[in-house]
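Shared between the two complexes below is chain A, which pairs with chain B and chain C, respectively.
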Partner chain A sequence: MAKSEIRVGGLGGQGVILLGHIIGKAASIYDSKHATLIQAFGPEARGSACSAQVTVADEAIGYPYVKSPDYLVIMSPDAYTQFAPQLKPTGTLLYENELITIDDRLPAGAKALGIPATRFAEELGRRLVLNIVMVGFFAGVTGLLSKDAMEKAVKGSVPKGTEELNLRAFRKGYEYGVELIGAATVTG
Partner chain B sequence: MHADPKGVLTGIHFIDGDHAACEGALAAGCRFVAGYPITPSTEVVERFASRIPLVGGVFIQMEDEIASSIAILGGAWAGKKVMTVTSGPGLSLMMEHIGLAVITETPCVIVDVQRGGPSTGLPTLPAQADLMQVKWGSHGDYEIIALSPNSPQECFDLMIKAFNLAETYRVPVFFMMDEVVGHMTERVEIPAPEDIDVVDRKWTTKKPGEYNVYQAGADLVPEMVKAGDGYRIHVTGLTHDERGYPAMNPVAQDKLVRRLINKIRDHREDIVDVREDGVEGADVVVVSFGITSRVAQAAVEQARVRGVKVGHLRLVICWPFPATRIAQLAETAKAFVVPELNMGQMVLEVERAVCGRAAVLPIGHAGGTVHEPATILNKIMEAAQ
Partner chain C sequence: MDESPELVSLRNGTKVTIRPMVAGDGPALLSFFRGLPEEDRQFLRDDVTRPEVVERFVAKLDDDSVIPLVAEHEGRLVGDGTLHRTRHGWAVHVAALRVVVDREFQRSGLGTALAHQLVRRAVGLGLDKLVAEVVDNQIGARRAFEKLGFHQEATLKGHVKDIHGAKHDLVIMANDVSHIWERMEALVADYSPTAGD
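Right after this comes the complex of A and B.
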């Protein structure tokens, strides 16, 4: 891996920034790589569009923005509409498949892998951990960073007392992702 | 001396530039901050406000930036290391008190997380258009020091340097971040307190009665006292003599202004800090600072792949400007390429130093984002022709 660019998109309140933060933290603190996180910064409050850009690389990162991501992690229909066309044709879309419907906005050749992350989170007891289910899904599908590093980053990033719940959420997404990899659908 | 362990969050963190700048200030010994929140700098003071009760110190959210910039001067004369934090519109309001800090020789750090201007401009988007303002924004003749970090790690490391320079030269030191560096999250390693060198204030050893508040030795920097130590001192924005009393005549003016300027100019070569990559013998030298240096480095490496002998000189300290070094490089370089997130400020200094001996190609940008590496690459290729 020389350099991987990731865009995370969703609604304010879904934990979009934390999702990007955990990937960056896993890479730069626990997996000896370089990572840069940029968050779209604006007057948004909960409920409006929100996104994060993460670059993970073996070497120091110069240009910090993500223009054309290798991985797109999407949790809301609006974020899908906005960011799907930017995905590299060789890239992978990871999406909440009970909230988002894939259409021809996705570049031809790009992979699309869905997960009912909100339902899984509700089954675990708290809808709030939806983003951590997505973190696990990202880890399981991409293999970009080690599972150990990702789990450490989850533990180190969530409020004290919620570590166990969040690790269960991570593992749920991770296992679903690992199982799904073989059955990746090509769309577009 | 070493850093006070109370302020040092030793360890490896994944934090943004604003937070790292705050940690740098705490590690440097800053114990008083007055500020007024303004995007994209607010996270610096938010973190300081939450951390300082545990470290031991004071944060005050003032009514505006004018009040903030005078409150820190009071804090410094009460004996603390001090900082204020702002962005463009706030910086404009602070200009009066930057001059006061200069003439009263009050050590302080002013963080400017730059955003697009003029006026309210682009609150949430970057620029590097305050370069000349930090140098010349207040009235009168003076010199200041300005640093420009390009990563969260440097926001920590260089902030310690900023405080050390403020104390060494008793001068306002500007910390010129920008929105990208401020809101960018990366790995930040904070060393153990015993591995952080901090400069203590230049306290006097003279007794009350023997001490003159503005009497300077060979380094042109007077010794300082603080309120409550039993010294009777007078600190004023009027031109003053060595005792600090107003002395409004051309002789006193000449003596004071020359010393204020020369205490920086005489140490210019000690203060200047540049990072060089392959500049010796290069045909093209890219000169950059802050966030633009990261984009420029990507372009420089691409140009080398295409066979261009190109070097990169990055200003870690923008003021004083490294004119001597650029003049040396102008003896052999064919061209200088100067990308910056403004419409041409640092390039004026580069032109002054190059003095017609090589071509100088600016790459202006109105701000709101960073340059595309391809834009800089194309200019390097043009310069190499």
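Right after this comes the complex of A and C.
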């Protein structure tokens, strides 16, 4: 892995920044790589547009801004509309498939993999952990960072007492991602 | 959820293993319940000396509305703790804790240890509120729950009868654990007045 650029997008209150923070933390602290994080917010907090730009690399990163991501992690329709056209044609979109519908904004050639993350989070007991389901999905689909590093980053980033449910959310997303990739490989 | 057994050291130094109940626990569980004095069994909801009742408990292990733990010491069961929740309706955020401990192990901290593990599991399931029912004269049990953050929320007057026919108040103790999730809510709020691009 030379350098991977990731854009995370969603609504305020979905945990967009925490999602980006966990990927960066897993890379830089637990997987001995380099990472940068840029966060952007809408004018109001909850319910407004929110995004994070994460760069992960084997070498030091000179320019932290993500203009054309390799991976796009999207949790709201508005974020999809705004960021889908920026995805590299060889890139991968990871999206909440019960909230977002894919259309021709997605560059030709780009891969799109969906997960019902909100439903999974609700089934686990807390809608709040939607972003952690997405973290697990990202880890399972991309294989960019080790599962161990990602789990440590989740555990070290969430409030005390909530670790168990957050780790279950991570594993739910991870297993779904691994299965999806396996199925995609089998079916060609 | 972490299902691994946990070795607990009680006040007197005795080591007890707390672990999830498994299908093979039926005979040991029946023996544990039958060993309880009648006055302790009086406050249980089922006649746990009947094999079919205990068989029903171990047959429901894949039912996620009940999370049962047992405490084991030198090959025998000495405690039973369960978390009961509903999976539908207006109280899906609430769970009830029930803990029963062998007489020999009462006042040793085992009840508190079982209840502590149940509280941890309840938080791990994303629940908001826990309740426990204690008879007014079960002072030790009330103190144990208070140590875990429970407080007296309601009293049902003359609600239970002991083996001598005397009526007692049933105390409903509650523990609001939602504040743990408030911290998570703040963390995912995605708002920082000083950041932006």
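The rule is simple: the second predicted complex is superposed on the first by the 178 of 188 C-alpha atoms of A that agree within 3 Å, B and C clash if a C-alpha of one lies under 4 Å from a C-alpha of the other, contacts with A are read in each partner's own complex, and residues count from 1 in each chain.
Operating definition for what follows: a residue touches a chain if its C-beta (ideal position, glycine included) is under 8 Å from a C-beta of that chain, and two chains touch if they have at least 3 such contacts.
If you're wondering where the values come from, they're calculated on a predicted model, not measured in any experiment.
Can A:29 be said to touch chain B (first), chain C (second), both, or neither?
In the superposed model, A:29 contacts chain B only, not chain C.
Classify the contacts of A:142 with the two partner chains as first (chain B alone), second (chain C alone), both, or neither.
Neither partner.
Contacts for A:162 in the overlay, against chain B (first) and chain C (second): which applies, first, second, both or neither?
So A:162 only meets chain C here.
What is the contact status of A:38 with respect to chain B (first) and chain C (second): first, second, both, or neither?
In the superposition, A:38 contacts both chain B and chain C.
Figure out whether A:62 sits in contact with chain B (first) or chain C (second), or with both, or with neither.
First partner only.
Looking at chain A, does chain B or chain C touch a larger number of its residues?
After superposing on chain A, more of chain A is contacted by C.
With both complexes overlaid on chain A, does A:4 touch chain B (first), chain C (second), both or neither?
Once the two structures are laid over each other on A, A:4 reaches no partner at all.
Output check: A:92 vs chain B and chain C. Expected answer is one of first, second, both, neither. What do you get?
Neither chain B nor chain C is touched by A:92.
In the overlay, answer first, second, both or neither for which of chain B and chain C A:14 touches.
Only chain C; A:14 stays clear of chain B.
Touching chain B in one complex and chain C in the other: list those residues of chain A.
In chain A, positions 38-39, 41, 65 sit in both the chain B and chain C interfaces.
Can you name the residues of chain B that touch chain A in the complex?
Touch residues, chain B against chain A: 12-14, 16, 39-40, 124, 179-180, 183-187, 291, 294-295, 297-298, 369-370, 373.
Which of the residues in chain A end up touching chain B in this complex?
Against chain B, chain A makes touches at 21, 24-25, 28-29, 34-39, 41-43, 61-65.
Under the definition above, what is the set of chain C residues touching chain A in their complex?
1-2, 120-121, 123-127, 177, 180-181, 183-185, 187-192, 195-197
Can you check the complex and tell me which residues of chain A touch chain C?
For this pair, the touching residues of chain A are 10-18, 38-41, 45-46, 50, 65, 124-126, 128-129, 131, 158-162, 164-166, 168.
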